[in-house]
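Before we start, here is the structure in question, set down as structure tokens.
The first chain written gets the first letter, and so on, giving A, B, C and D; residue counts start at 1 in each chain.
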Amino acid sequence: MTKPLNRRQMAWRAAQDIEDRQLVNLGLGMPVAVADYLKPGLDVFFQSENGVVGAGPLAAPDSIDTDLVDAGSRRITLRRGATIVDSASSFAMIRGGHIDVTILGAFEVGANGDLANWDMRVPHKGPLVGGAMDLAACARAVWVIMEHNTRKGEPRLIQACTLPLTAKRCVTRVFTDVAVVDVTPTGFVAREILAGLSAADAQSRTGAPLAIAPDCRPLAAPDLPDTD
Amino acid sequence: MPIDKRVETAAAAVADVKDGATVFISGFGGAGFPNGLIRALHEQGAKGLTIVVNSATHRYSLTHELIENGQVAKVICSAARGAGKELSPFEQLWKAGKIELVCLPQGTFAEAIRAGGAGIPAFYTPVGVGTDLTTGKEVREFDGREYVLEKAIKGDLALLRADTADQYGNLTYRFAQANFGPAMATAARWTVAEVRAIEAEPIPHTRAQLPGVYIDRVVVAAPAKPKAE
Amino acid sequence: MTKPLNRRQMAWRAAQDIEDRQLVNLGLGMPVAVADYLKPGLDVFFQSENGVVGAGPLAAPDSIDTDLVDAGSRRITLRRGATIVDSASSFAMIRGGHIDVTILGAFEVGANGDLANWDMRVPHKGPLVGGAMDLAACARAVWVIMEHNTRKGEPRLIQACTLPLTAKRCVTRVFTDVAVVDVTPTGFVAREILAGLSAADAQSRTGAPLAIAPDCRPLAAPDLPDTD
Amino acid sequence: MPIDKRVETAAAAVADVKDGATVFISGFGGAGFPNGLIRALHEQGAKGLTIVVNSATHRYSLTHELIENGQVAKVICSAARGAGKELSPFEQLWKAGKIELVCLPQGTFAEAIRAGGAGIPAFYTPVGVGTDLTTGKEVREFDGREYVLEKAIKGDLALLRADTADQYGNLTYRFAQANFGPAMATAARWTVAEVRAIEAEPIPHTRAQLPGVYIDRVVVAAPAKPKAE
């Protein structure tokens, strides 16, 4: 079996599905790395919940501006043509369905598209929802990047979410370390599976029926160093 | 008398905050925290406050000083989790039942404040339907989709950080400084803005990002550095 | 009896009640003339529904700018410190209760404060409501400038409005050509009556009980040419 | 491909408007009427349109050309009265039952459009309660005051007038040009802006008044003079 994708490779794979001229919002963690791997020639705007429309790469250490940040408090730059709006306007943009694609991390995705990504029920720690519910409920397409299984080997793609939901029936595509899975009206459908991983293997690692697309292809990504 | 909203010190700007007040605090992602005013409110000492702030605990904000000082009875926010594994001061007091918490999706939080300033008592949103954050709230269908009814948030005082102001209270922001500030200014009975500088001439309408009619006091304050910096 | 106030004098009288630093919206017609007669030394901002916050005097003929207009399509100027917002923000300001005083024209005012100022039921003409309902329902104080009686001598201050309402229970003060009348929880109360007009005369020209304030004073205004 | 929203002519910008479309038209008080685009839509000829415009008839607008040309089935506005004693083209067709009319308080009109673009299907407002303009609408009490439920307005196309644009569709406005335009741009599936000039370089974020992500096409158009001028 080919080695499962590392985190950067998963981000790379998700990036390949972004289309020209889309307005894209990337969640904290793995998803923000997607911006590094767009297909050549694409002209894409990245929106951040704090109102930046056209976030560019991270700022170089010697040109950091503490007022130029994204929703993850990362010190960023602006791309050509970027604008900045206030939070109420930023979420009007999100809630109004103006974001073409949002790519989020997740703990669990249900076979009906339910998403759980905001609360791990960490004992004693406070809740942190941020903009995840707005993005999940309202972006035109909601994609997830996550490991196919937990560290203990439990499936994250499951029949019904067990953790608190972020939004119902919202996820349409999941990029994992071993597969690209669409969430369809009839449930999970594998579009790509890691070379050497059989359909039966993929199913065994998935907590709900996993159909195999007729044109299912091998999942592959270029060599990339993993994130820290 | 010519309108002149300039005051000399952050202390003077928040001198009359009363116990039990509902206080908006701007800032998100590290930009726009009115740390000078927060520290002045800490020193002023008003208690039993309801704090409306995106993050109950943020490493670039001084909100935690109000919390540690026992001035806060309730927090309305979209993020209440401290960054570290240790419990934050907020989390400790919340777990001990000493601070009430309302956690809202961030867009609902922003829109509820905007509604509070815009005379909208309640609105429907698709966000949060079917989740723990809307338990008990009215759900209603429009054109085949479910929405939840959310109520406006209004307050007594808003504390903002901006870049510059003029004597009329008109404000400019740098980059992502604005975030929740403009909505908060409209939803509060009175609003104080701390700024890097006050401009000698009125800010031209082409540069003003928030009309001064929403601002009551402006004060120059160097960015107070929180621990994380 | 002193001569009844002409239209400019009525505007002058209303202007005397505007306080320092207020945010004021003036309706089309007579009310816009109020801006010409503020007490000396006041620093007042005039808001217009089209988003101008800080409308100044009319533009001189040689400095007209067709993009710098108020809600009545008048070519205006900006005062020091003026800002301009879009319509949604302008009405957020109005509806949110941020306008201290609005001064409107009217056809009828009810003894309970009901206002009728937007539809004369002109046969075949279309309705025109504009921002009147927003202003009447939401300004902190709603004042009216109107003739005390119609051309036919019918009262405009009446027990209950007969024309379509603009807003219920909103008017708190009425400036007419012969009186200044407060609308109180117990009905109309005259604060000023034209010198030489008796309380009985004022009552006879009013369509609902008109109490006389204990400190009721003579209504007076400086000589001013009437409007066209 | 680099984003480039510039098109050569107003005719090209509205070439694909379909019969039955709901079309927003900006403009108020004489400023911000997209008269070049309105004339192009007149010439393009789409019929059965629902026009969402503050004034059904305004002396500085060319909206009446669409109405006289029989292209309009419905008008949603806050002002439907012609200036003169004679009936306007709109009033004649409305009285004849050939155009449907929805008249809203202007703030409700603006907020309903803003809601349409902001994912809010409905909201409560105090405006119009107890008047003929809210007959049949749901009334509900919040904190002792009555409010009426108003629905969002969404549309297929928005036609805007602005001052300048860049290739990304970012817009600047002169003075009171913006009025309903920004809200309309968010509530329409696609939006065309006519401008005085297109800037060669991207408009800096400090000057941009509407993010270009809301704009699909920009075209330079001299202000088309309506009859009143």
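The definition used in the following text is that contacts are C-beta pairs under 8 Å (C-beta built on N, C-alpha and C of every residue); 3 or more make two chains touch, one makes a residue touch a chain.
All values derive from a computational prediction rather than experimental measurement.
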item	value
Each chain counted as touching chain A and chain D at once	B
Rounded Å distance, chain A centre to chain B centre (Cα mean)	29
Distance between chain centroids, defined by C-alpha means - chain A, chain C (Å)	56
Whole-Å gap between the CA centroids of chain B and chain C	36
Chain B: positions in contact with at least two other chains	111, 114, 118-120, 125-126, 175, 205
Sequence positions of chain A contacting 2 or more other chains	84-85, 91-92, 94-95, 138
Chain-level touch network, classified as line, ring, star, complete or other	other
Pairwise chain contacts, counting only pairs that touch as defined	A-B, A-D, B-C, B-D, C-D
Contact set on chain B toward chain A in their complex	28-32, 54, 56-60, 78-82, 87-88, 90-91, 94-95, 101, 103-108, 110-111, 113-114, 125-133, 163, 174-183, 223
Residue ranges of chain B in contact with chain C within the complex	1-3, 114, 116-120, 166-168, 170, 186, 202-203, 205, 208, 211-214
Residues of chain C defined as touching chain D within the complex	48-52, 65-73, 75, 84-88, 90-92, 94-95, 119, 122, 124-134, 137-138, 164-168
Chain C - residues contacting chain B, complex	20-21, 23, 41, 43, 45, 47, 53, 78, 80-85, 91-98, 138
Residues of chain B that touch chain D when the two form their complex	111, 115, 118-126, 142-143, 145, 147, 151, 175, 205-207
